[in-house]
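The two complexes that follow have chain A in common; it is paired with chain B in the first and with chain C in the second.
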Partner chain A sequence: MSGYQTGVLIILCFNIMAAYAVYLPLVAGQLNLGIAGFMAIGAYTAAYLTNEMGWSLVSAIPAGGLAAGGLALLVAVPILRTHGIYLALATFALGQVISAVFLNLEVVGAAAGYPVSTYASPLAVFSVTAAIVLFVVGLSQTRFTLYLTAIKNDRLVADLLGLKVWGLQVAAFTLGAAIAGIGGGLYAHHFSFIEAQHFSVQLSIYTVLYVLLGGTQTVWGPLVGALFFSLVPELLRAGEAWRYVIFAALIVAFMAVRPQGLVTSTALRGIGRLFGRKPAAPGAQP
Partner chain B sequence: MIAQQLINGVMLGSIYVLVGVSFTLAIGILNFLNFSIPGLFMIGGMVSWVLLTQGWHWAAAIGAALAAAALVSLAVEQLSYRRTRGADPEVPLVSSLGFLVLLENLVLVGVGSDQQTFPSLLGDFNFRIGGLVIGAAQAISLVLTFALVVGLSFVLGRTNLGRQIRAIAESRSTAVLLGVDVGRLVPKIFVLTALFTALGGVMFALSYLQVSPFMGEGVGFKGVAAMIIGGMGSVWGAVIGGLIIGLIEVGSIWAFGADTVNIAVYGSLLLLLILRPHGLFGKPAIREKL
Partner chain C sequence: MSAKAPLLALDNVSKSFGGLRVIRELSFSVARGQTVGLIGPNGAGKTTAFNMVSGVFRPDDGTVSFDGRDITNMASRRRIGLGIARSFQNVRLMQHLTVWENLLVGQHVRASGLLNLLTPFRLIPNHRWRREVVAALDEMGLGGYADATVSELPYGIRKRIDLVRATLAGASLLMLDEPAAGLNPVETQALTAHLEALKARGITLLIVEHDMHFVDKICDHVVVLNFGSKIAEGPLSVVQHDAVVRTAYLGAEQAA
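The block that comes next holds the complex of A and B.
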């Protein structure tokens, strides 16, 4: 594999991790517009632990994820009291504050950026991404994801059916943030340098956009969205601005025509049938 | 010195007022968090800059910029609002974010990402009152902002159009039953928000003499903060909210330096969302049962 291909795959991996971080709370109908902030928490925590405390990668990156998840848990309690647009705006404000705090934090280089001495190989990035994808896919087979979908479809009915709506929402939000933190920690150690400006509101917004482009009905939507966002520009080889123009035009078109995104559960069933799997309808067999 | 900072804060705040009012109109009347508004702000500044450098008369350039923003806003209405009603609640928001990214990058392709210098239409003219310096452009935009907001609240409160708008805000289906032509009224609201926002962009360009494809983000997102602080849907709340944001921004620059602006502005926004999500002047929403 050439260096270029590895580079593209690495970017794809980071986009996939960010996508699943946004996806998990979104299944429960919570739009997190501050995912870059949680990535920054993971990145700076892990980098500080390996740089100054001499931790190994294996312990520092999960610690970054824990820190991001911990902060999410801490803010989830007050933030999740708000719903809908207020929640999206609160996460947005949180992302801005986190990024601005790191911009001023002298311990980790403030505006000059923070070099990271320990290096995470491409293989490490690939395997962690694979593990996260497997984890979220596995989670989608459990009742947990089913509960989240129920909350999204109707909070009140979900509550009446005995679901702990609030606890499930906190769990989805925290889990998403922890994934973002792990992604951030890996990012810091793979590129050996982080700066607060990278974890900007644009990063959060683009992630949300490609997750919705992929679709949130199934667990594969975010993966397809991340693939699309990372690979199509490479294939087009157009200028940096044009890639965003095309991407944004597609988002607008998709939200107008097919708001459920590229991958839907019906589409997946159709593909399953194409490959000869019998539709699992009772009584279909003679 | 403090008086001068207060004046600067109010001047800066008047730009946020216009953007915040646009956001509050979109959310209060249509229940649509319209994130294309920062893009319209940028269109106002950038289009007038491009036309001015082409040698257009300033009135024609500004008029064309406002018209351009109104047209874009109509496209947003068609694609992001009208077609996504009934979809998941985050879909219109995401679609309008898509418009923001689209507008910024289209302008980027057209003129490049550099910060451009906006020609100074009013010269270097200042008012000096007892040692305080007030830029002419800023003073004009402050006065114009307040004239516009007073005009808007007159339209909303006293005219037939305003009655129809308030009727949709109250209950869309009832308004339809009462004979309000929602299909024709909604585009008017979008044009109104576009004009407010784009005028904000023009006045920002005139006051601070800088435009860039991303000028809408910083100001636009602070306009969102202004809207929330004032209470979503309240026009005068957005006015107070905009001025508060302007004062917080200038105050934090003065006290701690420019890097702390985002901590101060978005930190207070976050705190407010947690403690009092309906804003300082908004009415609390009916509590959900959960």
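The block that comes next holds the complex of A and C.
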């Protein structure tokens, strides 16, 4: 594999991790527009632990995930009480606050950035990404993901059917943040340098955009969205400035035609039947 | 709790929304195994009464008890576990999912706990949860719909799928808000048969409905509401001739 190809794959991996971090709460209808903030928490925590405390990657990166998840749990009460646009704004603001804190935090280099000495190889990035994909796909086979969908669809009905709406939403939000934290920790150790600007609003917003583009009805949507986001700009190598504009235009066009995202559950069931995975309902129309 | 204790009892329940008294000192009860119709003109407070039994709203005053137990302030989420299930005026299913996926949510009370929550049961072909859902559909002659997408189904079928979901938790009381609204005569007939089957199982029904023909067929007893107060109660054939009830309906029609 050429260095260029590896580089593209690495970017794809980070985009996939960010995508699933956004996806989990989004299944329950919660838009987290501050995902970059949670990545920053994971990145700085893990980097600090390897740099200053001599921790190994194997413990520092999960610790970064825990820190991001822990913060999500702490802010869940005030933030998840809000809905719709207010929830989006609250997470957006939180992302900004986190970024501003790291920009001024001297122990991790403040505005000068923070060099990270321990290195995470491409293989490490690939393996962790694969593990996260497996984890989220595994979750999609459980009642947990189904219940998140039920909550997004109709909170009141979900509650009256006995679901712990609040607890499930907090769990989805926290798990998503933990995945972002793990992604951030790996990012820090793979690129060996982090600064607050890496975890920008743009990162948060683009992630939400390509997750929506891929679709949140199935677990494969975010993967397709991340693939699209990582590869299409590479194919459109038409000048640095223009390719993001073209990409954004493409997204708007896709959303107009297919607001539910590229991958829908109905489409997936159709494909499943085509390959005989699950027999079509015998006589669905009696 | 005596043997004669009603399954559901509202005692002097009142509820206001922003100064508007929507339910006024309402008392009625439903005996186990009974099918009671809750009728009255639009805006009489029927849905609000349902909302207080299911816990969506708390009464300002009075008590709601179920199976001899005061549930006035019990969290709405916990009521299904006691045996209280309901449907809404409009069908509220997950449109883009299949029928069986929707029904899995109805099963929740009997498959709760962390282990059940995190079991990747979809990887197990014909898992017992699926078999149970399909069996519940089969019982109602809906077995062929298990893998159909809800949005592709006719309204009458969706309505009945909604009922299957509401009863999967093993409810003893099922509250239906205008179940026959929007159904054609054939669908109404299928719904009637469905409800008869539930009655035969011993499920107690509380039904809000405008179609008096339907009420006559299915209910043993009706409670009539007007402006949040109970104005009459008894068998439909008797209540229908009550002067106060007739004025309430006529008044509502003239006002409309």
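The rule we apply is simple: the second predicted complex is superposed on the first by the 273 of 286 C-alpha atoms of A that agree within 3 Å, B and C clash if a C-alpha of one lies under 4 Å from a C-alpha of the other, contacts with A are read in each partner's own complex, and residues count from 1 in each chain.
We adopt the following convention: a residue touches a chain if its C-beta (ideal position, glycine included) is under 8 Å from a C-beta of that chain, and two chains touch if they have at least 3 such contacts.
A quick note: this is a predicted structure, and the numbers were derived from the prediction, not measured.
Visitor: Superposed on chain A, are chain B and chain C clashing or fitting side by side?
Guide: After superposition on chain A, chain B vs chain C: fit, no clash.
Visitor: Tell me the contact category for A:Ser192 with respect to chain B and chain C: first, second, both or neither.
Guide: A:Ser192: touches no partner chain.
Visitor: Identify which of chain B and chain C touches the larger number of residues of chain A.
Guide: Chain A has more residues touched by B than by the other partner.
Visitor: Touch check for A:Arg143: first (chain B), second (chain C), both, or neither?
Guide: Touch status of A:Arg143: second partner only.
Visitor: So, A:Ile79: does it touch chain B (first), chain C (second), both, or neither?
Guide: So A:Ile79 only meets chain B here.
Visitor: Between chain B (first) and chain C (second), which does A:Arg269 come into contact with in this model arrangement: first, second, both, or neither?
Guide: The second partner, chain C, only.
Visitor: With both complexes superposed on chain A, which partner does A:Asn51 reach: first (chain B), second (chain C), both or neither?
Guide: Neither partner.
Visitor: Who does A:Leu209 touch here: chain B (first), chain C (second), both, or neither?
Guide: first
Visitor: Scan A:Leu161 for contacts with chain B and chain C and give back first, second, both or neither.
Guide: Touch partner of A:Leu161: chain C, not chain B.
Visitor: Report the closest approach of chain B and chain C over their C-alpha atoms in the superposed model, as a whole number of Å.
Guide: Here the least C-alpha separation of chain B and chain C stands at 6 Å.
Visitor: Identify the residues of chain A that lie in both the chain B contact region and the chain C contact region.
Guide: The answer is residues 156, 159, 165 of chain A.
Visitor: Show me the residue ranges of chain A that touch chain C in the complex, using the header's touch definition.
Guide: Residues of chain A touching chain C: 138-144, 146-147, 149-150, 153-154, 156-165, 217, 260, 264-266, 269, 278, 280-286.
Visitor: Show me the residue ranges of chain C that touch chain A in the complex, using the header's touch definition.
Guide: Listed in rising order, the residues of chain C that touch chain A are 54-56, 76-81, 85-86, 88, 92, 94-98, 101, 104-106, 108-109, 111-112, 116-123, 144-149, 165, 169.
Visitor: Show which residues of chain B lie in contact with chain A when the two form their complex.
Guide: Per the touch definition, chain B meets chain A at residues 27, 33, 79-80, 83-84, 87-95, 97-102, 104-106, 108-109, 113, 217, 221, 224-225, 228, 232, 259-263, 265-267, 269-270, 273-274, 277, 288-290.
Visitor: Under the touch definition given earlier, write down the residues of chain A that touch chain B in their complex.
Guide: Contact set of chain A toward chain B: 26, 29, 31, 78-79, 81-86, 88-90, 92-94, 96-97, 99-101, 103-104, 110-111, 152, 155-156, 159, 165-166, 201, 205-206, 208-209, 212, 239, 241-242, 244-245, 247-249, 251-253, 255-257, 259.
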